[in-house]
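A, B, C and D are the chain letters, set down in written order, and residue numbers restart from 1 in every chain.
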Amino acid sequence: MSTGYILANDAFRDWLNILRNEFTVIGPVLKKRGPIVFEEIQDAGDLHLDYCSTMLGPRKFIYPPTQRLFRIDNQNHRVTTIEPADAGNAVIFAVRPCDMQAISVLDRTFLGDIEDFYYRKLREETLTVVLNCNRACDAGFCESMGAGPFLRLEDGYDLEMTSMGENYLIEIGSRRGEGLIEKAVHRKEAASGDYETKDDLQRKAIASFTKHLETAGLPELLMRNLDHPVYRETAEARCLGCTNCTMVCPTCYCYDIEDDMSFDLTVTERRRHWDSCQELHFARVHGGNFRSSREARLRQFVTHKLATWVEQYGCFGCVGCGRCMTWCPTGIDLTEMAKRIQQDFETGRARWWAYS
Amino acid sequence: MGTGKRIGIFKYSSCAGCQFQLFYFQHYVLETIQAVDIVYCKMLQSGGEEDGPFDLALIEGAITEQWQADQLKRIRERSELLAPIGSCAVCGGVPAIKNTAHELDAQRRVYEDISVVHSLKAHPVDHYVRVDGYVRGCPPGVRDLAELVKSLLLNKTPRFLDYSVCVECKLEEAICVLVAYQEPCMGPVTNAGCGALCPSRGRACYGCWGPMKDANAKALADRFERMGLGREEIYRRFTEFGEPTVEWKPGQVKP
Amino acid sequence: MSEPQHIEVEYLARVEGEAGFRIVLDSQPDIELRIFEPPRFFEGFLVGRKYHEVGDIVSRICGICPVSHMTTAIQAIEKAMGIQVSEQTVLLRKIFSLSQIAASHLIHLYMLAMPDYYGFPGVVQMIPGHKPHLDRLIRMKEAMNGLTALIGGRALHPVTNVPGGFTHIPRPEDFASVLKEIKAIRKDAEQAVRDIAALEVPDFHSDSVYVALYDETEYATNQGRIVSTSGLDISVDQYPDFFVESQVHYAYAKQTVLEGGTPIMVGALARLNIKFDKLQQKTRDLAADVGFAVPDCNPFHNNLAQALEVFDAIERCIQLIESHAFRDEEFKVEIRGGEGGSATEAPRGLLYHWYCIDRRGVVEKANLVTPTSHNFLNIEKDLKQLVAENRKQDREAIRLLCEKTVRAYDPCFSCSVH
Amino acid sequence: MNPLEPRRALVREKIQENRETYSLTLSLADHDHFSYRPGQFNMLGLPGMGEAPFSFSSLHLERGRFTHTIREAGSLTRSICQLAAGDILSIRGPYGNEWPLEKAKGRHLIIVGGGIGIAPLRPVIRHALGNGEEYGRLYFLLGARTEDDLLFREEFEKLTAGRDGTLLMTVDRGEKKELSHIREGLVTALLDEIDVDPEESITFTCGPELMMRFVARQLIQMGQDPYDIFVSMERRMKCGIAHCGHCQIGAMYVCKDGPIFPYGDIKRFADTML
């Protein structure tokens, strides 16, 4: 068992303010008109810990929507790398377990065989403090996806927090995390009773889920039913092609690269920005588009998150955060699409044939 | 002066706001003016070479009179590239609202003697001639205008924004007024470029950038109906910016 | 007997919208200001639209004064539907309008009018020798557009102004940063007044009736009584009883005159002639310094009047913003039928909108009268007088003089036809 | 190291192949190390115009030089084709996998190319002809819209001179009357002229996906194993390193797992024409 500490709520706030002297402290903040957004906090009191899920996950600090890559001299084509805006040793507080899982999923893309320079730097400079969920959120099914409601990761994060009413249990996930908690003045070591309380909270949290998805055999089933009518029907009746699902998805990694040249045509800035498989242009090539139908694009989203991701990276691309269905203007729910195929299979209407 | 790229700017039935937007270009206005030769633009300068030839002709406004259509065809012949700028020229814009009424009724409400009026139904530029891209917006966005000018200078095919307003709205992390407040927001079917101006300022998008390509208007109209919006209200939403285009037509079911 | 000679300008450059004119050079010169800007029939297609769409739709009448159309329409609809707005809304709309008046004047002064005086076809050709002018224009315009955009979301066809109030109130820190920009252009605005005053304009006296909105307490923008130099003093509600709109065969724009057929002039010069004393002391001092005094009946001085208004608007925006702590407001609109009109001072002068709304909130009737429609007959009157006074000059000089005159009025043909 | 950072390449030589296709021979400008295998590709780019993937059309490095054969299709390709000897462009790569020449050893080799798809097959054809003893019979079946589009035709004719039946060519429509050895029609019709057992053969094909589909289906009907048919896929790519997501076909990244796939492995996924 890792060493854990207990911090009373007041001590927690003091600790945050101490950290602010040394780090850029980021956390969920309640904004005008109601949204809760991850941003730098000016005071510990800004932190809004009682939240379910933000629109964009903390991914945006490690893999920003727009990243400036290079400055290119148009005359001699010399390239200068633009360092990612210095995160200045940021600490992101209250990362939900599903979002932490999502970052570890992104790691598999950007820190795999070939490492992305920018992602590597921001990931290294950013510390993550996970806050376990004591209850399920409305659209969430992280429990089914093995991503919550309490942290399931072995590593890749720095600290894990559990809110226990009057105080927090804080457990160490990394050496750097240990360095953070050592700055807390009024910490005391957790006793075994504290871990029992945590287990109890976790059990209650798991029991609070109303949404589930059976994942056993799901990837194979989906891949054997690529032409299931649920895709066409949903695409026609409900999918607006707005790409909200992929914008808010914490594991989506696709990007586009764009060159912007100065008006005097001497310097080019090469940038990348998030792209979405739900956009019409995404699979366009000269003379055609391999996913010109909305049906094909919707199928790409569902089968990638719940099937082909497993073949690519050995994990699901869905962490069960529920954002895609929450922010879909017509409430398209990928678990319901998956369930329909599962039900059709059980009643003999879906296929289970070889797909090679 | 400049690169010698010859630009002609023509105004048809519109508010002239697109041309002003070119001047609202602020940071870029000097660069642009010096990088190209504006050989025809009535609002900017007297004289000018109306008959081109042009490397790029920019067309502002909807076509509502026969002489405009005739001149437009001549411009097309004399232009290497031709692009409609702004919603009126791209999708009919506000002038096309009159297409939803009986033509003569609309005219009679304005003039006692309509014998001097020679107005056609309002159509976008591509109704009459082939176009080489669309600079969307009401007013058009700085990003797409800059892309257009630079692409011209580079001999490159411009890449205009072609996704929905929702993309920009999500990046703003604005609360979705459709999902959270059940407001009939046109964002999901409207082309991006404004920076999700309305939703991030507390109101539903009213579609001023016109249809996004491949918009699913029917599905959004159905969504509005499920929210309790009347058929007439839905019809108005889908006709404020754009005569029936393929993309929004399924939402324009007359009550 | 020889045919009377004609001067014909088919398509007048450097004005907003499309028009030309035809002059018959005779002992009794005949003038037709041919406004061929194609009609879009706003009053026709507004019928059947919902009350909340009207502001967004009518802002598209004009790309240079969208704030004026939007605000006037919304005020008229609020009147028709009995909607009360907060003091903060009134104040914000005032700043909103002032910022746009300044930006619009700047465009007219530097891009449309100034090339006439330097002898260039347009502003582009002025760049090599007169770049400081253009830099000044861009600095000032950027600051004033920035203020309009801060309040409205964007400077052109703004979005936050709706019946009942504003959907979004900028944060104090955003006001502060824009305020910094505006304070930085005070000197530019003063220089602009001096530059415009230094231009040599034709010596011309036009015997005109000037009309403007008047308010006892301030330099009226969005509210007040309608007042003329001929003694008219009415409330906005009485507008239809005292102004007459009629169609002419050679223009898509209508001519609007006072009851009895008197042509009028509206706009910056008219406003100064009527309420010079409501300008700020600083502005009045500057006017005196450059030799401007009311009454001034030379329409070419409309440009100087505009420059003075820019200066005044900047000062007033600064004061108004600094005098108020802006906060978020909630408002709710109840749909109700009724009729109502509103008049405001658009950059080019008196603008009037009137609507009849049914109980579902749908427009039944609409009437819009624009500044250029008000000025239409007066422009023709001035042209006639000018041609008569300059009959001896060569045709080219007469043509140029006439073009200058029309431009001095800063006509907006897009607005006038709508 | 930043994998998205391009290196600089110099245009050494440019040859016009037909009215819209050019072969550019390049070398790295800054004397960096470089090596590649046939079938792989480079991301070529120009500032302001972006980058796009291009296969090698040369067999191996010669004096540090390699060749890409490019058809003018969009602004980037047009600009690259307008470069002249001495000009600079940016390069990242090589990326992707290679034609499985090892697997083909001791078997008959059937190569089917269509249009610009002939270019990536050129190094394989040259390799096979230079190492004829390693393979059984060789078949080079090439198709194009017109004779002008038959890339490297003279080169292939010269290399295969005296080897009857090795090089078979077809065009959609002939322009000249004396089409002695060039047929008219679809490239699949050329498969009928093969007189070896497809079960003992291996096939490499590159061209429009629809063409590859008909080629593969016909070969399978003729008895070839779907895993002995190798197709070279083309998709939109932004990174070349399996990050940007654009080139995914099901679970496969064309840039990393491909561009060359066994037909049996790639056709199980949606969104291809295979």
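Just so we're on the same page, contacts are C-beta pairs under 8 Å (C-beta built on N, C-alpha and C of every residue); 3 or more make two chains touch, one makes a residue touch a chain.
Note that the structure is a prediction, hence the values are computed from the model and not measured.
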Query - Shared chain contacts [chain A and chain D, defined touch] - result: B
**Report entry** Components of the interchain contact network lacking chain B
**Finding:** A, D | C
Report task. Select the chain whose centre, defined as the mean of its C-alpha atoms, is least distant from the mean of all protein C-alpha atoms. Result -> B
**Report entry** Two chains sharing the most C-beta contacts
**Finding:** B-C
Query raised in the report: What chain lies farthest away from chain B once each centre is taken as the mean of the Cα atoms?
Result: D
Query - Rounded Å distance between chain C and chain D, as computed from the means of their C-alpha atoms - result: 66
Report summary line: Chain-centre distance (mean CA atoms) for chain B and chain D, in whole Å, is 43
Query raised in the report: CA centre of chain B versus CA centre of chain C: separation in Å?
Result: 25
Query raised in the report: How many angstrom between the C-alpha centroids of chain C and chain A?
Result: 52
Requested in this report: Two or more other chains in contact with one residue: find those residues in chain A.
Outcome: 258, 261, 265
Report summary line: Multi-chain touching residues of chain D, meaning two or more other chains, are 48-49, 74
Requested in this report: Could you run through all the chain pairs that touch each other?
Outcome: A-B, A-D, B-C, B-D
Report summary line: chain C partner, complex, touching residues on chain B are 11-21, 23-24, 26, 29-30, 33-34, 38, 41-48, 62, 64-65, 68, 93-95, 97-98, 100-101, 105-113, 116-117, 119, 122, 138-139, 194, 197-198, 201-203, 206, 208, 233, 236, 240
Query - Residue numbers on chain A that touch chain B, as the complex places them - result: 31, 33-35, 37, 54-56, 65, 236-244, 247-248, 258, 261, 263-265, 276, 279-281, 294, 326-330
Report summary line: chain D partner, complex, touching residues on chain A are 69-70, 72-74, 76-79, 81, 109-110, 112-117, 223, 226-227, 253-259, 261, 265, 268, 270, 272, 275, 277, 282-287, 290-291, 296, 299-300, 303-304, 308, 311-312, 355-356
**Report entry** Complex contact set, residues of chain D against chain B
**Finding:** 48-49, 74-76, 78-79
Requested in this report: Provide the residue numbers of chain D that touch chain A in the complex, in ascending order.
Outcome: 1-6, 8, 47-51, 73-74, 88-90, 234-236, 238-239, 241-246, 248, 250-251, 253, 256, 264-265, 268-272
